[in-house]
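Report on the following structure.
First chain written, first letter: the chains are A, B, C, D, E and F, and each begins at residue 1.
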Amino acid sequence: MRIKVINPNTTPAMTDLIGYAARAVAGVGTEILAVNPSMGPASIESHYDEALAVPGLLQEITDGENASLSGGVDGYVIACFGDPGLDAARELAAGPVVGIAEAAMHAAVMLGRSFAVVTTLSRTIGRAEDLVAHYGFADRCVSVSACDVAVLDLDDDRSGASLLVEQLARTAIERDRADSIVLGCAGMTSFCERLTDRLGVPVIDGVAAATGMVEALVRMRLRTSTRDEFASPLPKRYDGELASFSLRA
Amino acid sequence: MRIKVINPNTTPAMTDLIGYAARAVAGVGTEILAVNPSMGPASIESHYDEALAVPGLLQEITDGENASLSGGVDGYVIACFGDPGLDAARELAAGPVVGIAEAAMHAAVMLGRSFAVVTTLSRTIGRAEDLVAHYGFADRCVSVSACDVAVLDLDDDRSGASLLVEQLARTAIERDRADSIVLGCAGMTSFCERLTDRLGVPVIDGVAAATGMVEALVRMRLRTSTRDEFASPLPKRYDGELASFSLRA
Amino acid sequence: MRIKVINPNTTPAMTDLIGYAARAVAGVGTEILAVNPSMGPASIESHYDEALAVPGLLQEITDGENASLSGGVDGYVIACFGDPGLDAARELAAGPVVGIAEAAMHAAVMLGRSFAVVTTLSRTIGRAEDLVAHYGFADRCVSVSACDVAVLDLDDDRSGASLLVEQLARTAIERDRADSIVLGCAGMTSFCERLTDRLGVPVIDGVAAATGMVEALVRMRLRTSTRDEFASPLPKRYDGELASFSLRA
Amino acid sequence: MRIKVINPNTTPAMTDLIGYAARAVAGVGTEILAVNPSMGPASIESHYDEALAVPGLLQEITDGENASLSGGVDGYVIACFGDPGLDAARELAAGPVVGIAEAAMHAAVMLGRSFAVVTTLSRTIGRAEDLVAHYGFADRCVSVSACDVAVLDLDDDRSGASLLVEQLARTAIERDRADSIVLGCAGMTSFCERLTDRLGVPVIDGVAAATGMVEALVRMRLRTSTRDEFASPLPKRYDGELASFSLRA
Amino acid sequence: MRIKVINPNTTPAMTDLIGYAARAVAGVGTEILAVNPSMGPASIESHYDEALAVPGLLQEITDGENASLSGGVDGYVIACFGDPGLDAARELAAGPVVGIAEAAMHAAVMLGRSFAVVTTLSRTIGRAEDLVAHYGFADRCVSVSACDVAVLDLDDDRSGASLLVEQLARTAIERDRADSIVLGCAGMTSFCERLTDRLGVPVIDGVAAATGMVEALVRMRLRTSTRDEFASPLPKRYDGELASFSLRA
Amino acid sequence: MRIKVINPNTTPAMTDLIGYAARAVAGVGTEILAVNPSMGPASIESHYDEALAVPGLLQEITDGENASLSGGVDGYVIACFGDPGLDAARELAAGPVVGIAEAAMHAAVMLGRSFAVVTTLSRTIGRAEDLVAHYGFADRCVSVSACDVAVLDLDDDRSGASLLVEQLARTAIERDRADSIVLGCAGMTSFCERLTDRLGVPVIDGVAAATGMVEALVRMRLRTSTRDEFASPLPKRYDGELASFSLRA
């Protein structure tokens, strides 16, 4: 099967890391396409960034659906912890679409009672809390904390992000009684192994989790329901700079 | 004061209706600017449409904020019942921003115990339910029903939309014990007066409600908190077709 | 329009402050009648006080409704943070009735994700929490704290109430991540401007908020639903000291 | 022990029925004082009635507390399904105070998964729903329905109330899967035995349930917490017709 | 009446304590049978222990139901704070069955707004939280804390358990604003009186509370609903070591 | 990897069906061990059955953990829709343990907004609702309905179970707006393919879903948190018929 993993920001270095994490858990015979759109923000750290990452993301979904000649895409991962554009993506794609925030949380609640999210900037805590509540896990998430390192600096050793995340995770485990830690950014995927070793509790990278969930859903031959809400969007004219998003009947 | 009422789709006829409804409730000395973006969908009837209406909407907010030379904008109304882009708009605007769905629901719960939403296409019921839950009114909203008339046909007498909405409202009042009716689309604003007369319960048009709320907030000198989450988005490079959305420091 | 703002305790000095706050936000052409009943407690600081403030409050509503010869009352504000007698008042009044607790919370959630309440005596925290839950804002209210200054001492500089409230507000902002502060007593209305300047987040006075909400509802021609629960109470005999509350058919 | 059962309306015939129901379940050595206030509404069928029943009720509590010379009161039952004045009564009484709505619901959830409430006028359904939610049983209460017979007509055979309640109960059992039926008015206490025989599921009269709960609490030597919220109300001046409610230090 | 109080572990010394606590609150004419099964764990401190305590507990219920010749059992108490096997026991017993966790919580919420649970090992906190949520009291329970003394050491003065529990209770009262303390283990029943004296708030022992609740339910002639879910289990073959649990038609 | 799929009843024919369903979705290199215990009920249709299925289930987990010489077990599926013994099993197993109810629900919410459960006997609806709430999906599950065919008759063509389930599913889709159908019994696994074809929405078999989830978790190297609650149970003496469950230090 072929899974398209979409990094919704425009930074290829991050796309590479994400692709690596997805491939590490993919089963035999699963091909991972890791991509990012050419339009939109370099990183996603505000509601504004997130909203404007969605057009590029949807373009990637549409491209994936049109790729049937070259083998087609069986399912998609949205590799940003805000799960941007998830509902719209589900309208477009025939196969399953899974966001890394939802996947990580689903995995967490099967591994213990409680989890904590450690994320990047404190201004994104609210969005994480919205998702926790929306997915039904408000009783299970004991805290959301932020290391206040920008997304594109996570990787830079000078930011000290890995250590900061470890400290926040320890606090969540000891003070908040978190049974596991959910990494709150696709850019933290490379911290997962080291943190797992050091913390002694499950540390969950959403990229891996979403890849695993999509694989399982595809193998079960399950796809998004087209009953009503998630049926294909209606044909419609789009204007101006977004005219290329018009849908024909 | 000056309130900018943004219809997030690209259909000027609907913008005119919305402007009319806002002006009808505005107080002495309040100027209503009713606009729509030039880019995006002709109407909003799916998650896809809604996501792609947001860039144009945010452009209108940014334009409003840059308009200070000509007097400035004191507050904004987002005139689509999905409240698209509301969080992002709040990051951009200095003054208050209110969505018509939230405003209508806030008004409804001050007029009785329960309300029902009557909306356009059944595929949008889920989005309305999401908003109801997100705003905290899940215990107060007794039903969401859909007349299955497309947004741009509401106005066309041949659609029979007004009568269909009235029938759904009656069912909600009698079967679901709704104390009031919330109109689930900015395009239904012109039904409000007639339905009020015929139904005998409050019928709430979100455009009017949001205009009233923004006016009240401005008069109280209240504006969106800039503590953290809703502070201005960080300066950032945007790429491709969306490069014009880049923010400079 | 004419809005009757009812301070449900019997202390005229507090009524004066409340009237001042309401007039400061009222629009052009809105007349504010600030009153208090002649029967009941001098201040409201327990469930007992609150229960016994209601008869006087309801008398004021009934008087307002009977005032139609002299111009009538278009809407009412209940100016005590416990929102005492709100449901009963809605049964009596033709126009909208808004409590200052509900109004302040409605305003707060349109200005950010979270708010905190700072109130007077710690024994009233429970009532504030009840209201938060009842209005649907349990997920948005991050804390309720008390300065433990009696209501009638708030105004007395020797109580230090203003400073204590400021300290509690700072804690709520920094520790609890409150986006805004809701003042938990009508007697704190005079602190609002100074706190706004010093705290850098929205500080919401319920008297102003409720006045604004009533004005907006009246301008929208919305009134309490009379479908069933909030229809006029049935004619009934009242006995003993409360015989004057009897309702005739 | 001595339990004072207070019917908060002023109708002695109903007080007699309530006293009978309480005595039927009281243990050996428990004395039941069934009383009603001399001031207030003849029956309670609106928020207005309920609010104005509270002063008389509180007077009865205060009288009970002052009765220590003649043996004292160990606990109180508030025998109206709206549980009026319950929080205020708890501030005044040394011993436990239990409302019949809460007691009936507590009993119901120990006898099955779900219960349904059958009450008098449909305009009181909202109050019952408020109590269900406030007590934490929203997930357990499958329906609240109303026979639309006035409280003081329940007893009159011509009203057909008993049969109407039975029909509503059957619907709740069959359609809503109610495991038990909670009688939603103290005036239905005399229906309990017959309905139990006919329906085949537990039928719960709150007067009996509250009497049993108070007895159990007294025997456990438990009384309302005086930590903070439910400590005695502060000394305070009351004005006007309610001056007799003043509390001295 | 006769109430069978079942300690679901196999330690007779604990059964004796439990019987003593039940008898202390039972009314005149109520006989308490305090028993424990012969099979299962010596104490219950994990999900594993709790699951394996249930067969012995159910055997005791079945024996109670078969005891009709010698007078019969009118109701049952399950005297372990995890309320193990409660739903299954309700299927078997004709009379009411009450768990000590549910009973203690029901009592607590009639004595104040909030309660805190103090329990034994921290690994059982999760189970207590599950019960709190399941019974509908998540908004009322302000904390669950653990003294980390093993169940069978509670009684041993050298464990210092009584003092540790007192300290945790003080923290819950002062920091978490708990109006009352719920003892989170049947083995703490002997601490109740001393803690009540020292803490100044209600301290609730579930054994006493459940005994009182069963007595009240029996006196009201209420028994578990047999409508559907809690009807007698269907006749069925059981295999292997559990063959004796087979049910015949 | 090796996944042990445990049917917790003692009916081998059902174990065979379950094994078949698990193997159908397992990836390359995954071995499925499908087993059932030798002790316990022939089928699970009551709380009593479920409680007594747990000892045999836990024995199978312990055996799996002791099997390390012969290659070991990497993860477990509990193949009964009540998810019996799940928490206890997680204490015993080193690798992940997933119940078929939780897995099916997790899958369902990634495929649409809403799902409905169709189960066997109506007396089990309550348990399904408990699980829905416990897992956080109360807002997503629109109905639970029962075909009232016994578990061991599902397979018998004369029961008509397949058709009854299809009818209930259609009602859930049309009346309750279910986006997908969750099969509420491991014995319905063979209906999945046919129902998928006929209904046009996703139909989710928990056995397949749980197998996929365990596989994904194992591939991510995630296992149950051993922080506190789910650490190995403490060494302890077990008495009587259950003495073999004793745990040594």
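Rule of thumb we're sticking to: a residue touches a chain if its C-beta (ideal position, glycine included) is under 8 Å from a C-beta of that chain, and two chains touch if they have at least 3 such contacts.
Owing to the predicted nature of the structure, the values given are computational and were not obtained by experimental measurement.
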| item | value |
| --- | --- |
| Set of chains whose contacts include both chain E and chain D | C, F |
| Any chain that touches chain E and chain A | C, F |
| Centroid comparison with chain E (C-alpha atoms), farthest chain | B |
| Chain B and chain F, separation of their C-alpha mean positions in angstrom | 44 |
| Whole-Å gap separating chain E and chain F, where each centre is the average of the chain's CA atoms | 29 |
| Overlap residues in chain A, where contacts from two or more other chains coincide | 113, 125-126, 138-139, 177, 228-229 |
| Category of the chain touch graph - line, ring, star, complete, other | other |
| Touching pairs among all chains present in the structure | A-B, A-C, A-E, A-F, B-C, B-D, B-F, C-D, C-E, D-E, D-F, E-F |
| Chain B-touching residues of chain C, taken from the complex the two chains share | 25, 27-29, 96, 98, 102, 106-107, 109-113, 135-140, 173, 177-180, 196, 200-202, 204-205, 208-209, 212-213, 215-217, 219-230 |
| Complex contact set, residues of chain E against chain F | 10, 37-43, 45-52, 54-56, 58, 85, 87-88, 90-92, 122-127, 130, 133-134, 150, 228-229, 231, 233-234, 236-243, 245, 247 |
| Chain B residues within the chain D interface of the complex | 113-114, 139, 177 |
| Chain C to chain E touching residues, read off their complex | 125-126, 129, 133, 138 |
